[in-house]
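Written below as structure tokens is the structure these notes are about.
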Amino acid sequence: MNAFETCALSVRRGSRDVIREVSIKLRVGEVVGVLGPNGAGKSSLLGAMAGELPARTGEVLIDGKSLADMDALAQARIRAVLPQHAALTFDLGLADVIRMGAYPFPEATPTQVDDWVRQSVLDADLTHLEAARYGELSGGEAQRVQFARVLVQARAAAAATGHAYILLDEPTSSLDPRHQLFVMHRVHQLARSENFGVLIVMHDINLAAQWCSRIVLLNDGMVASDALPASALTPETLEHVFGMPMRVFPHPLVPQRILVLAHGNGL
Amino acid sequence: MNPINPINPIRLLLARGLLAALAGLSLSAQANESAVPARVVTLGGSVTEIVYALGMQDLLVGADQSSLYPAEAQALASIGYYRMVPSEGVLRLKPDLVIASEQAGPPHAIEQLVALGLRVEKVSDQPSIASLHGRIRKVACLLGVQERGVALSMAIDAEIERTSLIPVERQRALMVVMRSGKLLGAGRETAAAKILELAGLDNVLLSQKGYQPITAEVVSALRPAVIVVTSSSVRSLGGLEAVGHNPALRMTPAALEGRVIELDDLLAQGMGPRLALAVQQIREGVTRARP
Amino acid sequence: MPDRDFSRNLAGSHHPAGHHMTRKAGLMILSCGLLFSGVLAISKGAFQIPVEHLLDWLTGNGGALDTVSTNVLISIRLPRVLLGLVTGASLGAAGAAMQALFRNPLAEPGLVGLSAGASLGAIAAIVLTPGGFYLIGSFAFAGSVITTHLAFVLGERSSGVSGLLLAGVAINAITFSLMGLIIISADDAQLRDLTFWNMGSLAGASWQVLAVLVPWVLLGVLVMMGRWRILNALLLGEREAHHLGYALQVIRWQIIALVALTVGPVVAVTGGIGFVGLVMPHLVRMWLGADHRWVLPASALAGALGLTFADVLARVVIAPAELPIGLVTSLVGGPFFVWMLLKGRAR
């Protein structure tokens, strides 16, 4: 069974462990949402899985192979990462940026790459912007361009090995509500149709609850719950993790999903 | 051209080049045997000055930027700094003879000129009287006026002899250049050292070679009784009086006893036909001194 | 975010899509310009050759050209123009690569101590050895490689390119102090020689030198051009470049080594020529966008074009004397750079 997993992973930053003995498993076809308060270790977890932070103890495995044994190129050929901030701007056309997702795959033909680019442009709702230059875009639009690039990389990886993993770090934080739903919906679809395993670090509990197949709730570097949204996000667990009372309702519009509401004044 | 064979431009180019090179070489062989040149370029201020002293300036079509004496020489086309001679620039002047100071360069440019068939003759350019006479002799020979060269050399020797008639007590002397606040002293193997020697003075900086920076402390310690300053230094310090009052030189016997002498830059830094004039100015300056 | 504005400068200004002419057309224009520049450079010079005779010669009917003119063309001008082309190409491409690597619009080959090392080598050769073209050149090349290597080794201890930048600053400072020590014992003539060396000159061109330099530099520039994907990925930032599969340590080393090995020998032959590596990539990016697939070859072409043209000016403006070419590039490049900065601010 193909999976991207961490095994009793501990990661140290500075003088303390920001991740403590975390074991999670991302399978192909799944969309896993990683939630938690600030400082819970969400970004560090993603960083360790992306090969940026070394494991202090435990290991990270992709398809059974330890990350420590894989060079940058080998990793790039099976997983794509979307960072939180598209910080830099430059004067390239959109297609040029999106096409960069295929850089780890020099064996891909231009036709193949163009196909992937075309599909990813649709998936990121960028068709009307195709003629623009990257430097002219708003923050949210730029983020969607990076998203399309990541999709190209994942598609190329899937073409090479049959599946791929995508790590998304708060992909919806700078998007408007319409595009938030658009992206989550697409991710949900693509995970199944293209054989992707997607891990999303996010803040928006309800967005995660509505679209993810599984939720990993982190608290202070450890896994507080790791299950289907309805099981992972109980009022007791939520109050314990987030330090404030929350109520869980069946989602009024989407069957079999939940809606979480916080109440009180945060004290 | 044979209409059947198409012209191959590259082969043509190479063939032409080869022929041209051979022709150039044969031209230079001819040039060596020719007598008096008609168009001369000089590289080096002293060389140019000698050409004028020999009365052959009409042959000059160009010189370098340090050829400043006599004043008419500055009107000549200048090829720039004589140690960075541009080959094409020299060729533009179409000389049939280049008389170059041995210091002229860069070496590969000079070689290039020679390889192109230009006649380039190097002359000695050291700060010694022997070098000066050798230079005069060679330039005169190249220009076909050997007798004038001999006469010039003899005249210079005679003038230097005459300067020794101005009695000067053998004493400690220092030649300085003061550029933008930095004090440089003339050590051995400079034209200035030779001039001081001919003036009957003891150069206190003989332990050093060339122009070296010196501090006020060193100057005081050396106790020069005579200080020679270049005109440009005097100008930049604001007059001979100001030189005497300069903090670095003020406490020297030379300043206290009024033996600070000004010498024209060209005279001080080059060894040319006016050598005797330089020596004379120093001797007269020493004898005229007023405490 | 400060990063965003900073790299906006690197990217040039934003143009609406229509203003970026197709990149291929841009390269074509540069190539034609280069050809024109080359012919101009061959036809102009202190030594006057009538244009009609020159054109005849170029097209194969050289009967009108006398031997001296032919010699001037073959042994002086042609090598010099070729050297200018090769020098400009290497400086332009290396400048573009450095600006991408450091994500800094002020980057150019000298940033990691290359030029300082070359100058140190040159002054050491001028003062401490008999000197001459080959000695000075070898010392300059050795100096450039040593300082670049040192800057790299020092800089690699910290992560990111800021370490490299700081190491470059440190190495430059040390190198200049060492130069100062040598300069103290130099005489006037040697000091002047160094000054001229630092201002650069294409006069050292000869067929022997070119026989070695041209293939070497062309190879280096071609390999650099082949790295366009990496440089594009670096535009996204080092983290993203890593996510795309590029091992940053290796890449930094590769690019700096490429720059040192391509520019080092050139500087050894020509002395210090500034501004070409700095300004040309900017112009090219303003015109053609930031995609390195086009920026690298275009910078090489633009560099070759610009330097060849600058050399024409150097040889003609005060003929029969010559201006050092580094002086021309600074005199033209400096104000132009100021204009670019002002224009940027006005937007």
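As written, the chains take the letters A, B and C, and residue 1 is the first residue of each chain.
By definition in this document, a residue touches a chain if its C-beta (ideal position, glycine included) is under 8 Å from a C-beta of that chain, and two chains touch if they have at least 3 such contacts.
The structure presented is a predicted model; accordingly, all values stated were derived computationally and were not measured.
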Quiz item: What's the fewest number of moves from chain A to chain B, given that each move must go to a chain touching the current one?
Solution: 2
Quiz prompt | Geometric centre: closest chain by C-alpha means | solution = C
Practice problem: Taking CA centroids for every chain, report which one is farthest away from chain C. | Solution: A
Quiz item: Between chain A and chain B, what is the gap in Å from one C-alpha centre to the other?
Solution: 79
Exercise. Calculate how many whole Å lie between the centre of chain B and the centre of chain C, each centre taken as the average of the chain's C-alpha atoms.
Key: 37
Quiz item: Taking each chain's centre as the mean position of its Cα atoms, how many Å separate chain A from chain C?
Solution: 44
Quiz item: Which of the residues in chain C come into contact with chain B in the complex?
Solution: 45-48, 57, 59-60, 62, 67-68, 70-72, 74-77, 132-133, 184, 187-189, 192-193, 196, 201, 203-204, 206, 315, 318-322, 324
Exercise. Report the residues of chain C in contact with chain A in the complex, numbered from low to high.
Key: 1, 3-4, 7-8, 10-17, 20, 103, 229, 232-233, 235-237, 239-240, 242-247, 285, 289-291
Quiz item: In their shared complex, at which residues does chain B touch chain C?
Solution: 7, 9, 12-13, 16-17, 19-21, 23-24, 27, 62, 65, 77-81, 83-84, 86-93, 103, 106-109, 112, 115-117, 210-211, 213
Self-check item: Sites on chain A touched by chain C in the complex
Solution: 50-52, 71-77, 80-81, 83, 85, 87-93, 96-97, 100-101, 103-104, 131-133, 135-136, 153
